[in-house]
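Shared between the two complexes below is subunit A, which has subunit B as its partner in the first and subunit C in the second.
Up next, the complex of A and B:
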């Protein structure tokens, strides 16, 4: 039998304490986990962003850009009513789509997150919401044409029912069709986060409010809505970022009547107007940043999540 | 200000349940429950987990409706009424505080937002909420967020939030279950004191027999979907009327009468843990019913020691010995002993239990 030693193994006095060693190890691990993401972001996000700002001040000739600095592209952009109108259109469509996705998405989320209490059914319903995403973006957008066209399903049905005598022209190749297309595509990004927040509300909290004498309307206003607002904000950020940068829906459903900032970038890049595209890109980035900053101001996500 | 309205025209029962039945598919959670909660009473409802205690409370509060039977308050039927019009207080096991509101806003919620006769005077709401917080010992905590207070304080907020509305009866669903042992003992005293001040009836559901016996002016035992006995605590503890009630008290050995020499031969016998004596085989004093059992092991709990025996048919028997007045002989694990008791210590139950 060996006697148990109660002495601690001797250690040089200068060596770090176990706590310090552990702290250093944790720090190294955090650094190791962070660095791939940081390197990626630096190389493919921060650097290109700086490049875009830089290029927006380059001199544009017909088919090329030269790195001699000028504000010509900025002056042209900010002095043109067409481009300023594009900013207006982008903001208008963003606002309408945002409101529409909340108006359509919130009741859906309310149903899935609050009234369906079975987790399996909840998941199944959420998956059903993403089924349209099993087809490509373009198909989802173009599928609206046979629906909304003058010879399309909606006009046919309305005419057969005798509600209208002439096909409704505004349905397709208009701002309306762009709004319909975008609302459909981005609604699910609103439903998801709201459902998540609603699903986290304890059923007993709602029952408690009921027990204290509140009607369903009051409970919705005072308990459910405030508790789900962070979900609305996250959904709004998702939808905003995607709608503000949109060009494809407008390109295929507006009949070139709706010009978003995204469409300007696409057409300018297409005609090799790099400096000008860069200006539009910077403007778009500033708008998106402002919108996100505003959203984060409205709800303190750190507190709520 | 919290005084409950006195019983109407000499009617002394607040809550009456008759033949209340609730089924979930093929499962019958409650099978014809009859329960009466008198006015100004602390009523404890004791039942094992899964016995349907919470279901019973949810039926009374109106979160669910009974399949059969009637629920009445002061003689007026309330089943079928929506929960927010029933005027019943419910204190949830998990407290169910509104997480986005402060303590004061939680307490004010009912007064401000109830559908029936909400109070519009801000000063009155604030005064009543503050009085309710003072009642539960949380004066001055109003501005805090409910996430920034301890579990015991949350329990008090939940209680204040319910009491401030002056409900006709307060239902408490295992209110002490989420608290640690020290806090539980303190809350026990406070709950009783608060109830006595308000003179409103409490119906307190619990799975702990100690809690039920300590708290209740009256204790009802829920087993097999029915109330098997409803009595004063001393009465219930010393004279359970059936095996089901006795089993819930965790103080009675219940075994078939046939095991026992010198006693009745049919039905079941119950003898309290502290009324059984142990002696070596063959040394039983005259005139005492006895049965043979093997000593398994002992458990030392501080002031008392618990000894476990196994009878010939496999029934587990427990004997309590008090440290100050030891009455058991030295016991050897695995050895056989005779357990005996005074003839009048045994309670005999007939029929199925």
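Up next, the complex of A and C:
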């Protein structure tokens, strides 16, 4: 037995074809090149996430946490209507923003990806969509305040036009302003992938359909929409993970009226309630994992990229 | 036929969409020229560059305290630079690894991509908990830095993956079979081909890190980065100096974009000249 086991590893190596040898060398090289990145991710992403789960079971004292395991924080979270409401708010805002970005973004993508056939104009329009990203995220959020406020641009214009006599109060520091802000900021993540998918549709396919007498409605339903759906899914994944983990937009535009799970984490950390923040973190992780898992069932991310 | 009628409708719609994207920034830029007595809203009391002077510390005594941007700006640039270098190197290495098929490439791919998916507030919380437990102090150049790389490395990786996918392997093989060493081949053959991708990966990493906020919030410790300094002003009343700051940072980003564009153009021009020589 022992003789056999010492002999086997050396023999295939000696007998291996040069192709097999090369394949093994390539594989080892690939693993060597990949390992620093994977180790980085394991240490600084996976380990902290495990830590969040672990700490959610620690005991919370007034200003610190102790590593004796308890489910007290979980009981407090799940027993509190405020925190359960935060889950509801997070899901509601996510669903509305997702629908809004698709509804607002799809026609734009349709125009850029399908109706503009001049490559230069197409690129210029896409760049125009991306340029706002070159402004700080927080500045883009705060820019909605002078736009929506009672003395803001929209109220001013509407009053000048005589449409309203008193400024609209619901525009700022409400759920509405959070929804508008998020839709504006994340819409481009929907426009981009859909445009990309639409741009890949062979013009001859649409021409053939038209020659065969199909109306635009039919062409859209039978050709354009199915071929663009992977783009919608990729966009939905982007928008979902960003909106679900949001807190800054709600913090600066809702006037503390909208509490997302992210806001709860931030405020709990602010008052050093680490265990409690960790519970909110785990809940958020579960929600996001469920959403991504669902989306990945519908689209293969690796194939689309 | 309907599609002919649809075209102007969609064009108008797209124009409105762009107005939606740019509107707030335009309003913000207009209000940044508010007079010294004016607030962060309409009407404009008088047109002035007072708040720009205020931001840069030339305004003298004022009812509004100055934004703490000086040191935090330097920290943010240093952090973005460190992040750019590390994530680009990691991105190039990983994308190069993905050119060969190996077992477990699927999970490895998703592990890397997860870095851009995980919400910043979650990894930030995890990192803060981890450093608390290990007794490490948190700082922008340590705990924040590693998280920034976790975030930007997947972007660099995806950019490089796209470049390598379009890259003809036989060019490298020709070089190797002519007896050029692997290191020399990488420097003289591979790198020039992937350079535009590297530049894009660097641009991505730099801007994402420079603007990153959620990952820094719990991990930066006492010394603030630029986004944290801006966030700190949100809780109190805002003044037009934030708007002036917004305009200036946007200009800074555009400068960066122009530099990138020029580098890219210069490089592609040189590559085109090279092709011309080969053909003649």
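Throughout what follows, the second predicted complex is superposed on the first by the 282 of 305 C-alpha atoms of A that agree within 3 Å, B and C clash if a C-alpha of one lies under 4 Å from a C-alpha of the other, contacts with A are read in each partner's own complex, and residues count from 1 in each chain.
As a working rule, contacts are C-beta pairs under 8 Å (C-beta built on N, C-alpha and C of every residue); 3 or more make two chains touch, one makes a residue touch a chain.
These figures come from a predicted structure and were not determined experimentally.
**Q** If you count the residues of subunit A that each partner touches, which comes out higher, subunit B or subunit C?
**A** The larger set of subunit A residues in touch belongs to C.
**Q** Just subunit B (first), just subunit C (second), both, or neither: which does A:202 touch?
**A** first
**Q** Should A:74 be classified as contacting the first partner (subunit B), the second (subunit C), both, or neither?
**A** A:74 contacts neither subunit B nor subunit C.
**Q** Considering only the touch criterion stated at the top, classify A:176 as touching first (subunit B), second (subunit C), both, or neither.
**A** neither
**Q** Once the shared chain is lined up, is A:266 touching subunit B (first), subunit C (second), both, or neither of them?
**A** The second partner, subunit C, only.
**Q** Taking the superposition as given, does A:227 touch the first partner, subunit B, the second, subunit C, both, or neither?
**A** In the superposed model, A:227 contacts subunit B only, not subunit C.
**Q** Check whether A:215 is in contact with subunit B, with subunit C, with both or with neither, and answer first, second, both or neither.
**A** A:215 contacts both subunit B and subunit C.
**Q** Have a look at where A:156 lands relative to subunit B and subunit C in the superposition and call it first, second, both or neither.
**A** Second partner only, subunit C.
**Q** Intersection of subunit A residues contacting subunit B with those contacting subunit C?
**A** Touching subunit B and subunit C on subunit A: residues 215.
**Q** Which stretch or stretches of subunit A touch subunit C in the complex?
**A** Touching subunit C from subunit A are residues 26-27, 29-34, 36-38, 40-52, 55, 67, 104, 107-108, 110-112, 115, 125, 128-129, 132-140, 142-147, 149, 151-153, 156, 184, 187-188, 215-217, 219, 237, 241-242, 244-248, 251-252, 262, 265-266, 269, 274, 277-278, 281, 284-285, 288, 292, 301-302, 305.
**Q** Across the complex, what residues on subunit A touch subunit B?
**A** For subunit A paired with subunit B, touching residues are 202, 204-205, 207-215, 218, 222-223, 226-227.
**Q** Please name which positions on subunit B make contact with subunit A in the complex.
**A** 61, 63, 83-85, 87-90, 92, 94, 96-100, 109-110, 113-116, 118, 158, 161-162, 165
**Q** In the complex, go through subunit C and note every residue touching subunit A.
**A** It is residues 1-3, 6-7, 10-11, 13-14, 17-18, 20-25, 27-28, 31, 40-43, 90-91, 93-94, 96-100, 102, 106, 108-115, 117-123, 125-130, 132-133, 146-147, 149-150, 153, 157-158, 161-162, 207, 211, 213-214, 217-218, 226-227, 230-231, 234, 238, 242-243, 245-246, 249-250, 253-254, 256-257 of subunit C that touch subunit A.
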